[in-house]
Amino acid sequence: MGDLLLQVVQGLSLGAVYAALALALVLVHRFNGIVNFAQGELAMLSTYVAWQLLEAGLPFWAALPITLAVSVSAGALVERVVIRRVEGGGELACVAVTVGLMVLVNAAAGLVWSFAVRSFPNPFPAVLSFGSAQSGFSALGVLGVVAVMMLTLHLFFRHTGAGLIMRAVVADPVAARLSGIRVGRVLSLGWGVAAGVGAVAGILVAPLLFLEPNMMGGVLVYAFAAAVLGGFHDPVTTVAAGLAIGVAETLAGTYVKFVGADLKVAVPLLVIVAVLSLRRGRAVVRGTG
Amino acid sequence: MSGVEVAGRTGHRRLAVGQVAGDRRRAWPWPRVTLAALAAAACLVPFLLEPYRVFQLTMVLVHGIALLGLNLLVGHGGRVSLGHGAFLAVGAYGSAIMTTSLGVPYPLTLPVCALLTFGAGLALGRPALRLSGPYLAVVTFAVAVVVPLVIKRFGTVTGGSMGLSTPVPAAPSWTGLADDQWLYLLVLAVAVAAFAVARNLVESRAGRALAAGRENPAAAEVLGVRLDSHRTLAFGWSAMYAGVAGTLYAWVVGFVSPDSFTVTLSIVLLAAVVVGGPGSLLGPLLGGVFITFVPAVAQRAGDAVPGIVSGVLIVVVVCFVPTGLAGLLRMAAGAVTRGTGRG
Amino acid sequence: MTLEIGGLTVRFGGVTALTEVDLTVRPGELVGLIGPNGAGKTTLFDCLTRRVEPAAGRMRFEGAGLEGTAPHEVAGRGIARTFQQLGLFSGLSVRENVMVGAHRHGRSGFGAAAIRPGRVRREERAIRRIADEALDRVGLLPLADHPAVHLPHGTLKRVEIARALAVRPRLLLLDEPISGLGHDEIADFARLVRDMHLTSDIMIIVVEHHMEFVMNLCERIVCLDSGRKIADGASGRVRRDPRVIDAYLGVVPWASPAGRP
Amino acid sequence: MGEPGGPAVTGPAGDGPSRRPPAGGAPVPRPPFLRVRNLRTGYGPARVLQGVDLEVEEGEMVAVLGQNGAGKTTLLRALSGLVRGRGSVGLRGTELLGRAPEEIARRGVGHVPEGRGVFAPLTVEENLRVGAHLRPGSELAEDMRHVLTCFPVLRAHLSQPAGSLSGGERQMLAIGRALMARPRLLLLDEPSRGLAPLATRRLFDVLRAISTHERVAMILVEQKTQLAAEFAARSLVMESGRLVTPGMAGPPGDPSTQGTRPWHGSPPGPGTWQGSGPPSTPDVWQGPGNPSTPDVWQGSGEVWQGPPSGGRSAPGRPRPWGRSHG
Amino acid sequence: RLTEEDDVLPAGACAGQQVTGISGDAIRVGGIYPLSGPASAYGLIASGARAYFGHVNEEGGVDGRKIEFVVRDDGYQPARAVEEARRLVELEEVFAIFQTVGTPSTAAVRDYADRRRVPQVFAATGASRWGTDWEHPWTIGYQPSYVAEARVYAQYLKETVPTATVAVLYQNDDFGRDLRDGFADAVRGSGVRIVAEQSYEVTDPGVQGQMANLAASGAEVLLSVTTPKFGAQALAVDAAVTSWNPLHIINSVAVAPAVMAGVDTGKVREIISAVYQKDAADPEWADDPAVAAYRASLRRYAPEADPAAQQAMFGWTAAQAFVQALKRMECPTREGLREAVRRLDEVSVDTLMPGITLSTGPGDGFPIESMMLARFAEGRWASFGEVVDTRAVFGPVRTAGSAG
């Protein structure tokens, strides 16, 4: 029983990290209507910034806000310089440009920081007793941070006019401009905030997975799964899905013998496919466009 | 009478050639001459260049074939697939297993693998194409992630992560060619056929219907286009192209392993379609050049540079030349023609 | 060989867009369909082209029910339409757009197209001929290779009409075909429609808010209001129908010929 | 830059500045509300506008007419910043050119574009709320009520996604959304397109009321020339990339003028719209000074006569349509 | 036909042998490394090797020949490795391919090297197949095979904890399987038992789940067959889970200074690994002239590389071994090199642990087969015990896939 609990706790802490990155994906999708394949790499970049600050001798809680500020502005900058140009250029352009960014950022990080594995300090107390199972990974701390982000976003989407503005921007950027919406700011803000959330995800994940330029590659797959389950829309469902995937993945390795460890990654992906094929509700848009 | 005159009369100002995708206006007045010259050059190349260059060009063609297929789906069908590396893997492994374990002569593996991947494409295409936009990208991405794992999982057949070595086809002695030259000519023949078929498809009723479904599904349907079957078939054909490319890849490289077909490959393929020019016929070839030469050339500048160069190139092309290198070429051709006072 | 619609009812959630609409159109008839905004005209077209599933009622075209027809089979039955908002394929050239319209005149699929035997080539030529004829009819042949984007609105509308003509329909549904057209073009278009109407047995239903156009062109006019048919008859009668005036026209267009030369 | 590029046009409301005393009593005459000087723009190599000059006063409604593809839409797009132009566009003295569309919108320019950009997935009510997002929240309810009285049709569809509206409803929503922002200058691209006659009339009534009571300046592109002529204070014609006053080249309705075929070829008479029937709203349908020329649309006969020839098509230019079907 | 363009010696004892890429004053050597992509951490090997070749050239080269080292990137993709190998051989006309990294790339290049008869020397992979594959004489490995390493651990356990229960965490590829299987073979018949196994994929984000599962077994020993990132994760989990405190054996591939620095090793019972080369980060070798030379050269020729990194040291040491082999060539030809690397006789290299030498011979294709155990304590690895010569203890390695 204790083993099961231990596994669940491990699964939750990993799942929380997936959820955090998934939240960033959801944000970009809601603000800009695109799926950002570079999200993981941007998060990785932010984590390196934090690492660099820590190396320079800053205390963790001082490095964190600086990192966030840098990430948010970097995200906004990327949007302004790159994404802006493909806005409305179709899905292929959007996918391609974020894929290009992914390749670029990964290589650049490798150039600057090399591909050596580095350890990253854990902001939370290392050991927590959790029932009969004891676990580090500060599972609770990670969960707490993710929960706070989720609630903030939830309230933001639900109870501010910003949600409406964002939907308008995604629906038709040109018409939104003509309504006086500063579309550029909304889009930049989306990328900025998403980069910030991604940075938090990176900082949470780095103590667990260790820091290296390819750190987020694996996480991204699971984050996609979580975001898809959340319909790229709702923060609460997304986080729930992320946690569920984390736990399911951990348990599947043990309890589903056929799956085994090799094909474990296939589990969330099968879930994506299943969910997507079940949910095929079409938007009620008439006309021909 | 010239179009310009009409344009003037009806108040139309004409777009410059190459500015939008799908522009079929002729920009180059000497297509036949150019084509003949190109064909001659392509056939002469193996006898003029060093074997390594021949090999590189062979790889360009192999990638070009895969991209032709992906372009059929992405450029013409308007559906984003991040999973075509998986079909490449199926083709390559199919050929490798057939030649090594079953002793099938290598030329036979080509049609068999083509059929195999066509079937796989249809099977995957049916459910996948119901998904819209980014979801399809995510699902195909998932496929690309899973396939190498599946290959490893069935190690008894596939050689697991160690991969499989396959014999490189030797030139028949009557030809008097070196193996490299033979392979090049073989791949060239397949590529030409693939190109011709792709052109035929695109300029056929089915190809137009596919593009129509991309641009405006509702209108296409009203005009009698069966969207589902067209899209599924397009997926099948594009998978088949990838499978053929995979088979040729196994011949040329002589070794297959799961590490050759990671997600990165799928991503690079998609990027190459975009860089080459989605929806054009020349694009895939330019994309093949991009895949093959950018890493090789950019390495000279430094270790991590290839990644940076490819990334920057993708971003720049998408942002500034949405019609890709092929569009750029068309615009240049248009400029040349105008410069020489024709057209 | 007629189009018969009986008791057609369409609901969207709680909204009833069409209520028990009956309509019969005979070959060679040119019917104007009018009605206030939101009356259900486009919805009626959507039903006929199987884009909307009616809640009740039947639709028969040339003796066979339309209900079981899949959306992509509608063109094959000889029905073509244009869209109220432009529905062009903007990534294709003007000619290709129209060639997609002639889609139903071919049979070859991917397999045949790939190897392109003589049969396919002949078919392609036939389709191209049909398309070029249609383009010629609307005077767009010189622009055939231009991409169907960034052309003036009126030109694009003509492309769409050419595309519908390329279907060679027996029932042509035109949804506001002249909106956004200049006056000349309206006249030219009217001539085109009239010509088609006079020279063939094609049934045409035109939705338009341009009263002169409709009244002059169509002998028969049907008026919908809030999903119900409120008038159906000769144009002269319908335009004096008080219900039509009330709901739609506001005033009677040239009700009295007295002041005319 | 000089103005040889085109005739400087001063409309009937050109003396507008005198209506209000200049602020601070300075002797400098107030600049017109909107002043466009030598506006040039195009797409890539294609030059569309080649030096447009235009002045519009507050509360004035100016109609822009012109041939298909003449660049009317482009003019509006340039004014609202959707395409980049050169020259100058001054709104109450501030230069608009070079500003982003959203900034221009925030300066009180509303644009109802040709493509009817409604936010398809949003409901009608949400669309309207987006339109009013710059306005104080306290006035939202009132503005909403106002717009819904202008377009009562929308009331029944408030919670319906805008994408599922009928064409005309969408059109009204687009205009309604622009009104929600209480613009000072309203750019309307064929507002009557797709509207039923009654709705068209109501729309123009509304526009007139807004322009006179709230002193909103309007530039409207119309194909229905006579309608425009009746409501607008002035009508201008877009011709080879410039705006010309039809009166200068020849009086409206005079078919003798060459080269402006859509305008002059159109039946300027309101008789087509308004018979001698119920003279309920003669002011609406009959612009002052517009002689009725009801010969164009013969309501009685079934023969399509078409507009009088000569003015419509310049000699030697084949008409694109219906040539073989005389 | 293939060698028609290659230069061959016309006469003498070595007549007919290939001399492409070697001249009186220079040798061109090519290397293929994953400088980009997922395994790019191994790119550091190239830096180490480059530094050593620079060092050698400075001292006059090998028998008067300067070494030109051409490095190409394969991104850890076998197909690109083949492409780059062809480039090196056909375009750059190198004398030999010194090092390919990783089993897949090495396997992909092997057939080509065989066809072209180009030596593919000291491939950086511990797969046991290189040493037992007599069909491809042109390819040879370098480091102790994974099987050998597994034997060292097995031997240690058999001696110290004869009834140990072992949990194995391994990477699901040839590397992980080779080591795991070697270990299972070596403990067969003894009291040491494997009670739990978990594998992970290189693409997995982390091994937390696997570790939780292994913890459930309560095994006394954890054998972590991992690469640095995952090894570090496993250590971190071990440190954090207080309810399970196994003896933590971490294979040599996973050991990296940055990794060890970040782990709260005080919470892990005991960390053991096997070593065969000197650790530049270890104060024990601070005054060692060999290590000092390494540091100095690295700073000079590959300033971007961290001297403490194992990989750099690995490259340096392997390059040194390569130079030794070059010196031992009887004919200055490709064939001569092939013979030389297959006839190493207790060749010593100064950055290997004292007592460890390179030997090959007929029936022995493994240059290094001895290792030492080391324990991690107080921030450094301290070797202990004797050098274990696995060939002497267990006999020659036999792998299922090999022909010999």
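Of note:
A, B, C, D and E are the chain letters, set down in written order, and residue numbers restart from 1 in every chain.
Definition applied: a contact is a pair of C-beta atoms (placed from the backbone, for glycine too) under 8 Å apart; a residue touches a chain by one contact, two chains touch by 3 or more.
All figures in this text were calculated on a predicted structure; none of them were measured in a lab.
Each step here moves to a touching chain, and the least such steps from chain D to chain E number 2.
For chain B, the chain whose average C-alpha position is most distant is D. The busiest chain interface, judged by C-beta pairs in contact, is C-D.
Centres computed as Cα averages put chain C at a distance of 75 Å from chain E.
Chain A and chain E have CA centres that are 37 Å apart. Between the CA-based centres of chain A and chain B the separation comes to 32 Å, rounded to the whole angstrom. Between the Cα centres of chain C and chain D there is a gap of 28 Å. In chain C, the residues that touch at least two other chains are 42, 83-85, 87, 150-152, 155. Multi-chain contact residues of chain B, defined as those touching 2 or more other chains: 10-12, 14-15, 145, 149, 152, 216, 218-219, 303-304, 306-307.
Among all residues of chain A, those that touch two or more other chains are 107, 110, 221, 260, 262, 265, 286-289. Those residues of chain D that touch chain A in the complex are listed here as 80-82, 100-103, 105-106, 110-111, 113, 117-122, 126-127, 129-131, 133-134, 161, 163-165, 167, 177-178, 181. Interface of chain E with chain A (complex): residues 36, 38, 40-41, 43-44, 172, 198-201, 203-206, 208-213, 215-216, 228-229, 232-233, 236-237, 239-243, 256, 258-259, 261-264, 304, 306, 309. By the touch criterion given at the top, residues 12, 15, 34-39, 41-43, 84-85, 137-140, 150-155, 158, 176, 179-185, 187-192, 194-195, 209, 211-212, 215-217, 219, 247-261 of chain C touch chain D in their complex. Touching chain C in their complex are the following residues of chain B: 1, 3, 5-7, 10-12, 14-15, 20-26, 197, 200-201, 203-209, 211-212, 214-216, 218-227, 233-234, 237, 279.
Of all residues in chain E, those touching chain B in their complex are 1-2, 35-38, 40, 43, 72-73, 75-80, 82-83, 86-87, 89-91, 102-105, 107-108, 110-112, 115, 127, 129, 172-174, 177, 201, 203, 401.
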